[in-house]
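Pasting the structures in now, so scroll down.
There are two complexes below, and they share subunit A, which is joined by subunit B in the first and by subunit C in the second.
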Partner chain A sequence: MGKGIVSQDLPGIGTRYDVDLGSRSQRLSIVVRRDGVRDLYIFTSGSDDPVAVIELTDEQARKVGALLVGTYFAD
Partner chain B sequence: MHAELLGFGALVLVAGLLARAGRRVNLPTVPFFMLAGILLGPATPGPVLIAHPEDLSLLASLGLVLLLFHLGVEFPVQQVLGSGKRLFVAAGCYIALNISAGLALGFALGWGGHEAFVIAGALGISSSAIATKLLIELRRLANAETPVILGIIVIEDLFLALYLALLSPILSGAGSAGELALRIGISFGYLVVLFAVARYGARLVARVIDSREDELLALLMVGLVLLVAGISAEIGVSDAIGALMIGLVVARTTVRERVERLVLPLRDVFAAVFFVVFGLSIDVGEIGTVALPVLAAVLLTIVINVVAGLVAGRLFGLNQRGAANVGLTVLGRGEFSLILATLALTAGLDPRLGPFIALYVLVLAVLSPLLAANSRYLARVIPDRILHPGWRYVREETISTACTHLDRIQITESDAEECPQCVATGDDWVQLRMCLTCGAVRCCSDSPHNHAEEHFRQTGHPLIRSLEPGEEWRYCYVDATLVREPIGSTRP
Partner chain C sequence: MGKGIVSQDLPGIGTRYDVDLGSRSQRLSIVVRRDGVRDLYIFTSGSDDPVAVIELTDEQARKVGALLVGTYFAD
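For the complex of A and B:
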């Protein structure tokens, strides 16, 4: 796994990737479930509870991923 | 025929509607399927949709078989084998504690030795589905303790295979000890054979059921599973274990992912039918007679699980919050307890087992999400010394852990510039600390009086921060640790 990303098996659910964003104030965990659903856990507040959890379907995750990679969507 | 279809359809629909209503408030589905069966069954006053539950027994056993088959197919063998010794120790403690507590209660009830053995399993083996859904709903997938919880319930599934292999020979009513030993030998020998098939014969099995068309794969798959389950039942090993093992075999083949996808809707429907049919057999009148044993069982389960959570927390160096979450998340009992109840009733054991396990599952179904969601209250009362020795793991292994008392933070800023107690006595201080719960400003531990710690001892307010300019650190007296700067604090 690339530097700054730590993976963790979640038996029966899938795999979790903790992304180190280089600052203490932000953290991102992505859970890739075996059925293709992705959960984005976003931590930006002063506790161990995530401030937001976003559940993406396989297709939604692809779109978001493409945007993050820099693909341009005409529509 | 028309009447049967009508009653069955209505019953399944009601079960689905009830479960959907329960899901609105995050309750698990399995108990509601069972509840629908109880309410509309022949033994309960009021409308009766199915007068002869035994007519549905084939559909119900199809549900049981598919449930266990799916469990086998999706069993994450690699993840479990790679998870290390510590997890097996934690899961072993969890299982040993729960099973022995169940066994003790079973014998205390005095319904019989076989019954006690069934109660041990019904109380000891938690529902993977309920725990997994809870973790997703409570948004705890990123927590430090979550891999531990998931590891424990997966290893429990593995234990289920061994338990079933032991249970069916015991329930078969062997006359002598020798005969019992023989039957247990056959049972475990059969397990070994199926393990060998899983190891070496997976390709052959794949060739038997593989087809490019989903339609045929689904059909061949169901046929194979039912056949193996039937053979297992025929030689005195339960159909449940045969289904589980053939699932493990299929999991090693190339068609695994397609099978997993195809079996899922079938399992959902027929497993629900299995739970409904179990409910139909329950006599509401008997539930009153088992209320006290159920109460004892529920309390015992909660206490034992909290203890097991502490053991796991200590092993993995979790903090109070993690340990409380482990203990209270694995509380749900569901499919396996009901399967065991069905096996026991089929074998002609004490009929009180049916209502006993039904009520037990129902009560825990309501309690477990509530308790899991409020685990922080338990975390607060767990004494530090129970978990403390494990803390070295936190530093060595970067399991992300924070102080459990962060929810006690009420106030984070102060412009006070003196320690009022030192001022009152005319003493000096070195640096200033502020209590994060009430905002009191006191002097630090290098000062002559260390009023900050005195404040903690008097009030129990656990957290302080430094008030020195440019210093942001926080310290927790209870956890005796510097609190990691909360991730995401927006202050510079």
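For the complex of A and C:
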């Protein structure tokens, strides 16, 4: 599971996870903050600057995560 | 769990999920394809055109999902 994920402690903030998507021009980083907020950084331009940053509350992150993992089922 | 998620069948392709992030200018859609590939569409510009599209294999989607749900633990 840990393959392709590099984590880095961000003292006082939380943990940053860089997910290798097998392409330099398509990367994704997630910062899990101590307070539960997750920041999603999307890199698609090959640059070190993200093309998009999405801030997710704990609840939102769980929803999006469930969709991605495949455990989301509509009511 | 279903609150804030609108799903739509895409005949022959899979299912599209629109996740409400509480802001018109910050939206996220996930297309779960029948073959397991997930397409992640990020909208941060307030426009109907995504600023980024990320294609995730089933394995990659599970990794990213685990990070977001909070069930990822390093080896």
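We adopt the following convention: the second predicted complex is superposed on the first by the 71 of 75 C-alpha atoms of A that agree within 3 Å, B and C clash if a C-alpha of one lies under 4 Å from a C-alpha of the other, contacts with A are read in each partner's own complex, and residues count from 1 in each chain.
Just so we're on the same page, contacts are C-beta pairs under 8 Å (C-beta built on N, C-alpha and C of every residue); 3 or more make two chains touch, one makes a residue touch a chain.
The structure displayed is predicted, hence computed values, not measured ones.
Engineer: Quick check on the superposed pair: does A:41 touch subunit B, subunit C, both, or neither? Answer first, second, both or neither.
Structural biologist: Only subunit B is touched by A:41; subunit C is not.
Engineer: Contacts for A:5 in the overlay, against subunit B (first) and subunit C (second): which applies, first, second, both or neither?
Structural biologist: The answer is second: A:5 touches subunit C but not subunit B.
Engineer: Which partner does A:72 reach: the first (subunit B), the second (subunit C), both, or neither?
Structural biologist: The second partner, subunit C, only.
Engineer: Which of the two, subunit B or subunit C, is in touch with more residues of subunit A?
Structural biologist: If we count touched residues of subunit A for both partners, the winner is C.
Engineer: Output check: A:53 vs subunit B and subunit C. Expected answer is one of first, second, both, neither. What do you get?
Structural biologist: both
Engineer: Touching A:32, do we find subunit B (first), subunit C (second), both, or neither?
Structural biologist: second
Engineer: In the superposed arrangement, what residues of subunit A touch both subunit B and subunit C?
Structural biologist: On subunit A, the overlap between the subunit B and subunit C contacts is residues 26, 44, 51, 53.
Engineer: Mind pulling up the subunit A residues that touch subunit B in the complex?
Structural biologist: 8-13, 16, 18, 24-27, 29, 31, 34, 39, 41, 43-51, 53
Engineer: Taking the touch rule as given, give the residues of subunit C at its contact with subunit A in the complex, in rising order.
Structural biologist: Of all residues in subunit C, those touching subunit A are 1-2, 4-5, 7, 17, 19, 21-22, 26, 28, 30, 32, 38, 40, 42, 44, 51-56, 58, 60-70, 72, 74-75.
Engineer: Report the residues of subunit B in contact with subunit A in the complex, numbered from low to high.
Structural biologist: 74, 76, 79-80, 82-83, 128, 132, 135-136, 139, 141-143, 146-147, 150-151, 153-154, 321, 400, 402, 406-407, 409, 485-490
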